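Here subunit A shows up in two complexes: once beside subunit B, once beside subunit C.
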Partner chain A sequence: MRNKKNAFYIALAVPGIIWLAVLFVVPVYAVLSIGMGKLNQMYEAPVAVWNPFSWSSSNVIDVWRDLFGSASFAGPVAARTLIYVAIAAVLSLAIGYPAAYFVARFAGRRKALFLVLLIAPFWISYMMRMLAWIDLLSTGGYVNKVLGWFGISPVNWLGGSSVAVVLGLVYGYIPYLILVLFAGLDRIDPALIEAGRDLGLGRFRTFVHVTLPLSRQAILAALLITVLPMLGDYYTNQMLSGAASTSMIGNLIQGQLGTPGLEGQGAVLSMILLLVLLVPMIYYVIATNREAAR
Partner chain B sequence: MPRRRFLKTGAGAALAALALGAGADGLLTGCSSDLADTGTVPLPRQDHPVTWPVYPGNAAIKSGLAPEQDATLQVYTWEAYINQAVVNSFAKKYKTKVQVTTFNTMNEAVSKLRSGLSYDLLIGATVDVLGQLIEGQLVQPLNHSYLPNISQAWPDYTNPFYDQHWQYTVPYTIYTTGITWRKDLVDENPYAMANPWAMPWQPKYKGRVAILDDYREGICLGLMKNGLFDLNTTDYRQIATSRQALQDLNGLVNLRIDNNDYSEVPAGQTWITNAWSGDMAAAASYMPKGVNVDVVGYWFPPDGRGPVANDTNAVLRSATNPVLAHTFLNYMLDLPNVLENISWNGYMQPLTGVTPQVLVKEQILPPSLISTAVQPSTFRRGLFELQLPVDADALWQQAWLVVSNGI
Partner chain C sequence: MTATNAPVPEAPDAPGAAGSTAPPASAPARAGTQAARRSWLPWRNPWGHPWFLEGFTWLYLIWSLVPIAIAVLFSFNNGRSQSTWQGFSWRWYFTDPVNSVLHNPQLHAAVIQTVRLSVLTTLIAVPLGVAFAIGINRWRGPVPATFNFLMILSYVIPELIFGVSMFFVFTTLFSTVHLGTTAEVLGLVTWNVSWPAIVVQARLVTLGSHYEEAAADLGANQFQVIRRVLLPLLAPAIFASAVLVFSGVIDDFVIVDLLSSSAGNTPMSVVIYSTQHGGNGGPALNALGTIMLAMSLIIVVIGYVGYRVLTRGERGGGLAALTAISGEN
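Moving on to the complex of A and B:
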């Protein structure tokens, strides 16, 4: 009987396993095979090498030099990406936490309405939203017109500004953060918060000593779900800046993948980014398990 | 010679020393992929024309065949590079269907064709990939008897240096790369400058300067700014000089790199940029309400010694409707169809009937942008950016990666 039950649960996992194999494992292996592969000289095109025993390390060595060599050019791009993403993540949390907290704790009967409003940006594609910002931030756009009412001369927002890129990242990904935070905050038992108040804590101290610790996992998950795509983002920078000085690691990878002869290096850099992104993922899994074990 | 070996030998060592001195070691890296195929293709040059071989089993179609009936002509071309109205009029005239599929880069197009995707026609093939297309037998030789309208093209195109005897290609568009500027926002006039290629290097226009997102155009701009006009150079010192000039430019003006010159210059977002003549010819369509197109200027060296390029059309070897494909190529060489195509596309086609005066008269081109029109003499005197040897190409690409990532 138990064996039958086990077989049933394994069968339930089969579609997911097939999905993962076809849409994750195979593509990742293909990227790896290109990164560790060769170059067709006539077409300047990558040749995937599927057999690991025939892999070449030349692309890895080249990318390693680009990242960490004596005068690397990819290293500063990676550092710039980390700085942008860190600032964008902190800003997103600072804006998103109060919003999620409000909806979870104080929205009352209008909770559904607020949730719909939070999801509303997803109804429009990311590209369209960024194109809208280009119109808003252009020299003769509404943002500069509003500034003009206060006597402020037009700002060249789209002239290669780091601020525009970071704000674009915040705008693009904050709905994900708020939704995840909301889900976490909404699950906090109100009785625990009331207990804190009953024990004499003020609103602020209740928040600091009860709500915040209880929402730690939600904060971690929300940051993870926003930081991961931000790290690989290239489109926001391309749309809102386009300047070489704001180029991010995603732009570098995109540039390599689009350049004949450099696709192999782009593949290796993608794999390195994937490995780096695994670190916070693993930390999240460990933290979640630790929390569950309490 | 494999890239790594190239870098380990004299030239590479010299470049290493240069790069160390210039603080750009990255220039050296990334050139060392193992090679899977040592095949090379001839590199056409204006002073070294190439007659491509015709391979057994890849001969031109026979003469006198009727166009395929009930067919769907499969056209493979760049995004937004052909006027759908012209395509529709062809379909109507020849009672056929035409399916247009697009690509975004030549690299993407060649990769997909190599992977076995099947179309009848390749519209807009750049000259630098002709070797790959022909030696890879992805295109088939033309049967000239189906292409009488070649007589309408500039005579140069019946024997272009990149495809002697026009065995595989007919011309599509021709364009130059010059300097575009906003006359109402920029004080200088490149026509009055000693070195107009240096026009972008002005810190007072910080945030208002862009260059094309194309490694050849970018590095060429750096070369020409420094008075170097071999646009197919394999000299690592010249490439490094260009790279340094572009890095300096980035420091001076917070350089933006994109291919939106056609909309950003009319919108006033960009004041100075290198630009393709075809993009600027279409500037009138993108001008904001109330702003006259006369404020957009386009400079190209009056002596014609600047970057020029033409794209080509070819019948693919995988064509299932080769006669119809030839018929379409012929249709695209007929003056009325060509003018209609240019009126939407902006990019000029090298027909004797397509003169600057005709373009202005037909209100396709504003008189203020007549400098975007290309003359036959430009084809002869202009500087073509052509396919590079693999090793040199790697140096160009690496230099561009350094520039485009703001280091």
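Moving on to the complex of A and C:
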């Protein structure tokens, strides 16, 4: 009876397991095999080498030279990516935390209304939201019109401005951050905060000593959920700037796909990005599992 | 919270913290702040409404939503301008014989492709993910644990890396699947199957196994337990995950951008991106974006109402429904 029952549940899980094996594990391994693979000189097409014992390091050496060599081309792009993402993440947290905190703690009966408004952008296509800013920031758009009232001549926001790209990243990813923060802050037992107050802490010190430590997990999760996709972003800067001076690591990878002779290097670059992000990714998985088990 | 307007008693300072730094002379000054704490100064009254925070939140909401409202408004503009109102028209939707969404073949095809991808992906990913969740939840051992971990990993892996791996696998290993609709659906299913798998598993953990054991004790067999007990109990979670998958596919960009091959299989998000980026933006793109927005909105409303109906009699109400269909539970 026990065995029969087990077999039944195994049968339920097997289709998903096969799907994941064929279309998640194999593809990720394919990137590795292409990155460590060779180049078909005639067609300039990548040749995947599936056997780890015959891997070649030519692509890795090329990418390494590109990232850290003297005539480094990818190095500045990688540095720019880190700077953009760091600034965007800090700004997102600075804007998102107060809003999530207010809605979770003080919105009272209007909580549902505020929540709808907070997560509305979550339901609106990313491209539509970028399009909205392109309209506003264009030379004859509303932003320049408003600046004109103060006698400021029109600014070419969309011609390669880092400010526009960073603000675009913040605008694009902040709904995810707010949603995670809200869920975390909403779970804090109000009794703990009241206890802080009853023990004589003011509003500010209650926040610093009670609310903030209790929301540490939520802050980390919210930052991860925004930073991970930001590091692979190649479309925000293409929409809002398009200039090489604002390109990020995602643009390098995306540009190498479909470019003869460079696909192997694109694979290596993706693998490096994955390796760098593997630790925070696994941390996130373990942290959410622990949360769910509680 | 009702008795909180009573004067807050002055708590003695903790000996280690403030007491050691504050000179004794500050004692009279502290007595003065006792009165000030309940005065008009908003930050002095710990129980008052945080007007500053509320104002900040409203500013954020304006910044977050007004640009989109303007973009939607100008999709109805009777002219090319995105900042000068020239009267209401359906020009960019139907009436313009060349540039409207209806008559421009690329825009028109994009709407159909988005709907096609959403429907196909939801129909495949939801049963696959639900079966996986039920099976993995009851099957103990290293194999299910490994694949459960992989499933969650597929949920957090950056979409670009996932898209690159899909691109390579369909251009080298499984090259019989050409880039196009089939590759897009396979990629989107893999990317989205984690929604039902994770959401349904979370619900299974909360439910426990009591209901199934009771049904089994009363003589139900495996299929009856699943069909009569488990599926009805899981219905809200399954429904919420279907809403998440469907709307996720409407909004998806990276996977479909990397896996589409021609105008016939390019969905709306990619058309907006490539047309705008190619310098051919215009109000017809705003119209396309507004159609995407309307589609998502319809899905959200259906999701909200459906979730409320399915969870009648449960605690949580509207807030729980909202967070469930936005994937936070």
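Just so it is clear, the second predicted complex is superposed on the first by the 258 of 294 C-alpha atoms of A that agree within 3 Å, B and C clash if a C-alpha of one lies under 4 Å from a C-alpha of the other, contacts with A are read in each partner's own complex, and residues count from 1 in each chain.
Going forward, contacts are C-beta pairs under 8 Å (C-beta built on N, C-alpha and C of every residue); 3 or more make two chains touch, one makes a residue touch a chain.
Owing to the predicted nature of the structure, the values given are computational and were not obtained by experimental measurement.
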{"item": "Subunit B versus subunit C as contact partner of A:L118, first or second or both or neither", "value": "second"}
{"item": "Touched partner set for A:M281, first subunit B, second subunit C, both or neither", "value": "second"}
{"item": "Touched partner set for A:L228, first subunit B, second subunit C, both or neither", "value": "second"}
{"item": "First (subunit B), second (subunit C), both or neither touched by A:S138", "value": "both"}
{"item": "Contacts of A:Q217 with subunit B and subunit C, given as first, second, both or neither", "value": "neither"}
{"item": "Winner by number of subunit A residues touched, once subunit B and subunit C are compared", "value": "C"}
{"item": "Which of subunit B and subunit C A:G242 touches, first, second, both or neither", "value": "both"}
{"item": "Contacts of A:S162 with subunit B and subunit C, given as first, second, both or neither", "value": "neither"}
{"item": "First, second, both or neither for A:S270, with subunit B first and subunit C second", "value": "second"}
{"item": "Shared subunit A surface residues [contacts with subunit B and with subunit C]", "value": "46, 138, 140, 238, 242"}
{"item": "Residue numbers on subunit B that touch subunit A, as the complex places them", "value": "3-4, 19-20, 23-26, 28-41, 105, 107, 110-111, 114, 131-132, 135-136, 206-208, 210, 215, 250, 254-258, 260, 267-269, 288, 390, 393-394, 397, 400-407"}
{"item": "Residues on subunit C engaged by subunit A in the complex (per definition of touch)", "value": "1, 8-12, 37, 43, 46-47, 49-50, 53-54, 56-57, 60-61, 63-65, 67-68, 70-71, 74, 81-83, 128-129, 131-132, 134-136, 138-139, 143-144, 147, 149-154, 156-162, 164-169, 172-173, 186-187, 189-190, 193, 197, 202, 205, 222, 247, 250-251, 253-254, 257-258, 268-269, 272-273, 276-277, 281, 285-286, 289-290, 292-293, 296-297, 300, 318-319, 322-323, 326-328"}
{"item": "Contact set on subunit A toward subunit B in their complex", "value": "37-47, 56, 58-59, 61-63, 65-66, 69-74, 76-77, 138-140, 156, 158-161, 238, 241-247, 251-252, 255-256, 258-262, 264-265"}
{"item": "Parts of subunit A lying in touch with subunit C, wherever the complex brings them together", "value": "4-6, 8-17, 19-21, 23-28, 30-31, 34, 46, 48, 95-96, 98-99, 101-103, 106, 111-112, 114-136, 138, 140-142, 145, 171, 174-175, 179-180, 182-183, 194, 197, 199-204, 206, 224, 228-229, 231-235, 238-239, 242, 250, 253-254, 257, 263, 266-267, 270, 273-274, 277, 281-282, 284-285, 288-289, 292"}
